[in-house]
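Just dropping this structure here.
Letters A, B, C, D, E and F mark the chains as written, and numbering starts fresh at 1 in each.
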Amino acid sequence: MKPPFHQPVDAAQVPRFAGHSTFMRLPVVSNAEGLDIALVGIPWDGGTTNRAGARHGPREVRNQSSLMRRAHHVSGIAPFSVANVADVGDLSVNPIDLLDSLKRIEAGMTAIVRTGAIPLSVGGDHLTTLPVLRAVAKERPVGLIHFDAHSDTNDTYFGDNPYTHGTPFRRAIEEGLVDPKRIVQIGIRGSVYDPGEHDWAKDQGIRIIYMEEFLRRGAEDVMEEARRIAGDGPTYISFDIDSIDPSMAPGTGTPEIGGFSTREAQQMVRLLAGVDIVGADVVEVAPPFDLAGMTALAGATIMFELLCVIAGQVAAGRTVAGAT
Amino acid sequence: MKPPFHQPVDAAQVPRFAGHSTFMRLPVVSNAEGLDIALVGIPWDGGTTNRAGARHGPREVRNQSSLMRRAHHVSGIAPFSVANVADVGDLSVNPIDLLDSLKRIEAGMTAIVRTGAIPLSVGGDHLTTLPVLRAVAKERPVGLIHFDAHSDTNDTYFGDNPYTHGTPFRRAIEEGLVDPKRIVQIGIRGSVYDPGEHDWAKDQGIRIIYMEEFLRRGAEDVMEEARRIAGDGPTYISFDIDSIDPSMAPGTGTPEIGGFSTREAQQMVRLLAGVDIVGADVVEVAPPFDLAGMTALAGATIMFELLCVIAGQVAAGRTVAGAT
Amino acid sequence: MKPPFHQPVDAAQVPRFAGHSTFMRLPVVSNAEGLDIALVGIPWDGGTTNRAGARHGPREVRNQSSLMRRAHHVSGIAPFSVANVADVGDLSVNPIDLLDSLKRIEAGMTAIVRTGAIPLSVGGDHLTTLPVLRAVAKERPVGLIHFDAHSDTNDTYFGDNPYTHGTPFRRAIEEGLVDPKRIVQIGIRGSVYDPGEHDWAKDQGIRIIYMEEFLRRGAEDVMEEARRIAGDGPTYISFDIDSIDPSMAPGTGTPEIGGFSTREAQQMVRLLAGVDIVGADVVEVAPPFDLAGMTALAGATIMFELLCVIAGQVAAGRTVAGAT
Amino acid sequence: MKPPFHQPVDAAQVPRFAGHSTFMRLPVVSNAEGLDIALVGIPWDGGTTNRAGARHGPREVRNQSSLMRRAHHVSGIAPFSVANVADVGDLSVNPIDLLDSLKRIEAGMTAIVRTGAIPLSVGGDHLTTLPVLRAVAKERPVGLIHFDAHSDTNDTYFGDNPYTHGTPFRRAIEEGLVDPKRIVQIGIRGSVYDPGEHDWAKDQGIRIIYMEEFLRRGAEDVMEEARRIAGDGPTYISFDIDSIDPSMAPGTGTPEIGGFSTREAQQMVRLLAGVDIVGADVVEVAPPFDLAGMTALAGATIMFELLCVIAGQVAAGRTVAGAT
Amino acid sequence: MKPPFHQPVDAAQVPRFAGHSTFMRLPVVSNAEGLDIALVGIPWDGGTTNRAGARHGPREVRNQSSLMRRAHHVSGIAPFSVANVADVGDLSVNPIDLLDSLKRIEAGMTAIVRTGAIPLSVGGDHLTTLPVLRAVAKERPVGLIHFDAHSDTNDTYFGDNPYTHGTPFRRAIEEGLVDPKRIVQIGIRGSVYDPGEHDWAKDQGIRIIYMEEFLRRGAEDVMEEARRIAGDGPTYISFDIDSIDPSMAPGTGTPEIGGFSTREAQQMVRLLAGVDIVGADVVEVAPPFDLAGMTALAGATIMFELLCVIAGQVAAGRTVAGAT
Amino acid sequence: MKPPFHQPVDAAQVPRFAGHSTFMRLPVVSNAEGLDIALVGIPWDGGTTNRAGARHGPREVRNQSSLMRRAHHVSGIAPFSVANVADVGDLSVNPIDLLDSLKRIEAGMTAIVRTGAIPLSVGGDHLTTLPVLRAVAKERPVGLIHFDAHSDTNDTYFGDNPYTHGTPFRRAIEEGLVDPKRIVQIGIRGSVYDPGEHDWAKDQGIRIIYMEEFLRRGAEDVMEEARRIAGDGPTYISFDIDSIDPSMAPGTGTPEIGGFSTREAQQMVRLLAGVDIVGADVVEVAPPFDLAGMTALAGATIMFELLCVIAGQVAAGRTVAGAT
């Protein structure tokens, strides 16, 4: 029997501009118990070295997610019909203390993961992915499919600061949270501090697919490789909105021209189907730099695309389980 | 014994940019039972003849109300300590049907009023005040203190349309909802369609205090007269954000230069203390025309000022009741 | 002998920022008599269920159309040399009454059509296309080439409202104004309320070319099919600006990421040559949500592209007629 | 018998967002014959030394003037009932040639003045006032009431350039167009290049009322002096929008904080009644720097205020003439 | 003999939009040796608990300061003629480490103070004033004239964080950097967390002049008291841009409606003449929230006003010294 | 031995939002002596016939160039390691005098060229390229690779004005500064004044690659032809930012939809490697029309791409020279 899944508010009863602003117009629940997928905000940008503002991301992505509807027009997946999804609110953060924030985020995410729900979060800057991985990958390293203009595998900053939004994946490798052989980074571009800036990452076994390679090969070919790299094991998906072109996502801290079109980004996310996703995020939406909610809309739509892929995975699992 | 009043989220636990966006960061409740004051949105602008957009008002006023704190620095009133206040959500509206919307708003507001809670609503365009008055003044006509750049007592539009945001108070008088002898309109200004445009209103007994008179007399003198006109009877307060100058409230449909400063508006609202307020609203905040959330912030702050005045009235009543 | 065609103001005599703001800087005429092509505004958005604002579209498209020049650089068509074109102003609308507006628009458009002029209009929301079709297709159903992110073939809204900008083409089919077998919709994308949302449209025989199919096939292939579907009969062209990506056309009510680039849109419009066009429109330009006039510029340029195609058709007919 | 005056489009027949964008929604006429007052644009900013953009002023002021109505709510003057007013379009200018533009503007304005119509123009930068004065003061020097943050009586720029928007009134004095003893400048403020920068102006007899003096004395007192200085002779009114505070008029080239409120500006313009006005302008509205049309709205409203004062003067003259 | 003072670039040689962007278009120097007044940026906002962005303040204030000229039109002071002033650049900060930043700012400011130059800095959030005071008040406590919407004397945040932009003056009192009896805070307003929120400050002897008291008394009376409180001793001036109304200074983190007009702010700064100023700052200009550079322009102009007052003080001292 | 090249400020010592705003955060030098490449601004837009603003281009491009880093991630070129590069400031211009400005720009650029440095400039409108060519091509005509939406080979304007931003390359050919057989224009599109508008250019031998041809052939093929046309001789590169699509570069005077993506633009610039570049520019960045700094960022990045290509050429020459 189909469980009583949470449903978004019906737009033919409550117009999209009315009602409370939650992810996908879903109910707010106090914890993730019973959920298949937990939508959650991480409003923190203390790891940002230049243009902060991603702390305001979850609120504006919630707002623009009011434009999402019930089903995916390509895959036909209706996520709220096949999976129990809700908005579990924002994780606790400390706007004035980096280390405390990392602890709070890890704790909040651990509480979600323990219920068995798959977390789909909205940042926050990219450093928030580190404590998320500490929660998601507590038991074993995970694979990583990472969309970004930047590799985010720098070492330190301003002398010896190990934690910024330019370093999360170096820390995650060092902490054994991700298996570098199962990491693929897609869309990397823009000037670098040093011609050898990505050598460490490559030495670890990370596969960097620069934007220029993507342009030559196209989304299907690239994503086939990405799925192969991630393999069958548990995999985390991290989507930095700055992978998308600044004309389509101006509201971000480190824009780099020459980025993905939203069409390409959507196509790539759809091609994640089949990956064993244990968590996903959309990060670096910085509303103070946004125009007309454009970046928040792109973030909300990518979130919906990810939700549909994960819901498809949940549905497949549910079917199998129901079959026994 | 002090009842278990609803409390806003603590900004020292959850930063202002985090958490769900509700009026004053208060809990959302499903109905007004047990409340002293019900904060409510009316997201509808179907009465707007030129620049629509006030339908988006409640959402953005909720957002900016996250900057409000717990106590008023002049009156010392801490509204959430002396009154039970919550966000009861948005009233049901029909974005495509004017008459149906008027019915829905009246019904939704009637349900609030019946609980004994005082409604403090955020529009929506000024036509929304008509169905609110139908609910609030069901039993007897009320007085009206009305801040606006416009008298809103026109008759019809485009031939015979009786319902627009330029006509609510003419209709309210015709329907016996307000006592024209107990109406004062403050801040009226701007060009008119006809030199005699306000004659009907004046003939009914409405007292119009044009902006020019306000400038000569000042807020204290004007508000003393306003309180005298409203008298001891039940009175409704309607605050059209376009009464404030467009430089401070650009996000509105019918801007008129030469308006109130926010300081003057705040001073006038504070001087409402002593009036028997049975309901209040802030209308015509139109976010698509706003700049940097400035109008929504002004609207949220005026709402907080009104809340403090009403909470003071509730507290006074509670004390008296408690004294018996 | 070449008739005395109307000419745009010369930019080397009157700078583009000077002079009155009319479509293509053409003269304003009081009616369509003697025109081959009538440029007309329909400033009404009463069918909009979420973000209104398209009522302001004609004014801003007129403004941006001041950047258009006299000839098309690809086709070489100089529309004002081969066809008599003018700005006939805006149709009469009633901002407060949906049914009255539908009647006024139909009447205004009927007056244009009766002169033999081909109408090229700028909305207004997409519901305005329904009364336009009532005028254009009075005598026989027409074909339809429809560029949009949405199918706009929903049935009702908020219970039983039959008329919104999500329903015009369902109504047009029911009223026999368009031949569903001769309808093609291009660019449809975005989440849907139901996986079967488009079943009714497909059952009628409408050909929906989703964005994903467009991406695989390209503009030439798709437009070849579109011309085949429209066939030799009279055909209407409807261009919803939200078919274009929100980064290029942010000023619209229902943005969907992953849209057409303006290049693709221009290419498709140029490939309409050969279709028997009896009318065309550009709709859903909503200036309150626009950035830097970008959407109005896109709308004005698409309008110019359509004008050149229609002028080419007029010129061909004139030649044939002149040959007899 | 009352002549058939031109009338604005009726907003209850054609909504304010519809119809062509003309000054006050009046008809466009090809020349000033028969007019009492000619509304005219001067779209030229070639005299601007820092932030250009006032060339776009007339178009946006026309747009915002659609919010003006038929009568003044304080004076009761209904300008279109007592004077024949129309939009005579924009004067010819040359965007690339300063001296040619000065000639064209003078010629265009001379054509207006010769008909007997009083010109009320919208710039354009403040240098445009020089050729206007050459036309208006051809026969005899005029008085000048000048609202501005700047004295605009500098001598040369970049060596020996005599013509910039910082020099028009020095040139006008030198050319005998204005009587320096009958000049008053109100609102002057902001840092200066030299402590003695205004000495030349004062030596000529110009009365400079700095903002600080205005603050002490108030509008009534200041304007009484201004009227006394202008005296009974023919007087020109020049209103630089930068006299208003940048928060209310951000769209201008040389903003200076601490300016007039729009209320003060309106009050001063109303107190011009009684002056023998032979022409007036509103200049330096620069839309590329504007926010939400705020500056253009202020400009349009000041234009309406000036129009009402001039119409009152026309009406008085008409009455006298009619009495003989 | 007059020393070879640094001079701003001449606007009649290099237009204001050209040349490098420095404070007041002055030369950049590598340290403060030989300067009377050192203009300096402190680009850091790590103490901001809600809307960050003041880190970008110095760059935009430099940009807008290009509109300042050479002399003050009221006082007649020409600062660059009577004092040696230059742009000494930005202090070193660490965007990712609060405590390290406080040390760096103190060190940088100490280096300036040791040269004998008076620092006039642009923040940065208000926490930057704490390390500045540590440098300026190393030897003895100073007085403080503090313009702000907020008292900034809170204790801790998020449990036990002692350092935020809401706490600098509590810390400064505890550290003996300021004499609480010689502190006056002007413009305080807005809702508070607790009715007794300012009790601690008042208990220390701080004089809080709320906005409402200012409105009753006016600038002259208030500043007379402020000068009396500061007395003859060394005094620091701290100007939080949020003391100004959000319509005139929207680009700030914690806007409160009902603020000072820029006219009032300018008047108050001018009335600082006579105070023994040992340092001054303008803080909380947050460009990501600004509109059209309006806040940065207000900040730059207040900075110029402060500069003129301090230059007057330098000139007076120089005269006295020269007299011996 | 490697000469002591100028280096940008280290972002790990001085955050990107801190420090003075110079091209690429390089030192400012007073002249080009000793430089391999001179970065220079030309803040002048007196040749603009419609929407001026490019005079503000250099300042904002400097600002956004703070996001550039030290090395190119595709070519691996680290320009500051292989070439001596610095910011030589802005050339002298006269904002009020066209002919004087052309002389000043030529003189300033001649001084740079004489040192042997290769100039890489930022305009300014496209007319600035004419005096630059007068300096660069003093000795012999050069080839030209020209990216633009417009051919800029018109003859005169407003009668007989020979100098506007629509005419520089016609003048350059007439003056013998460029060899028309070695000119290629890429990206030309948009409506034209006359179907034969480009006939003169083509008759001279200019190769025009319209946008539509580019779309069919792609960047590699087109650039191979461009390099062939330019040949081995000295060649100038001129990049009009309006060649990029308005969604990615809205801040420009003459936007034309359907432009290059930034990816395509970057790819084309990279394919300039091998051309003998004697100078290059990025023009028509007009900040008053920009959104969120997007156009200035695109301009800064294209400038960095050009810099890397030129630095590669310098390095190659240095190696060869060193080898002898």
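Here is the rule we use: a residue touches a chain if its C-beta (ideal position, glycine included) is under 8 Å from a C-beta of that chain, and two chains touch if they have at least 3 such contacts.
None of these values were measured; they are calculated from a predicted model.
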For this session: Please remove subunit D from consideration and report which sets of chains remain connected through touching.
Result: one piece
Exercise. Per the centroid of Cα atoms for each chain, what is the distance between subunit C and subunit D, given in Å?
Worked result: 41
Problem set entry | Numbers and ranges of subunit A residues touching at least 2 other chains | 13, 15, 17, 49-51, 55-56, 95, 157-158, 245, 247, 289, 291
Exercise. For the protein chains shown, what form does their contact graph take: line, ring, star, complete or other?
Worked result: other
Problem set entry | Pairwise chain contacts under the document criterion | A-B, A-C, A-E, A-F, B-C, B-D, B-E, C-D, C-F, D-E, D-F, E-F
Exercise. Hey, which residues of subunit D end up touching subunit B in the complex?
Worked result: 11-13, 15-17, 67-74, 76, 78, 245, 247-248, 261-263, 266-267, 291-292, 294, 297-298, 301, 304
Exercise. Given the complex with subunit A, which residues does subunit B contribute to the contact?
Worked result: 13-15, 17-22, 28, 41, 43, 55-56, 58-59, 62-63, 89-90, 92-93, 95
Problem set entry | In the complex, subunit A residues that touch subunit E | 45-53, 55-56, 94-98, 100, 157-158, 161, 163-164, 288-289
For this session: Would you mind writing out the residues of subunit B in touch with subunit D in their complex?
Result: 49-51, 157-159, 188-195, 197, 210-212, 215, 245-247, 250-251, 254-259, 289-291
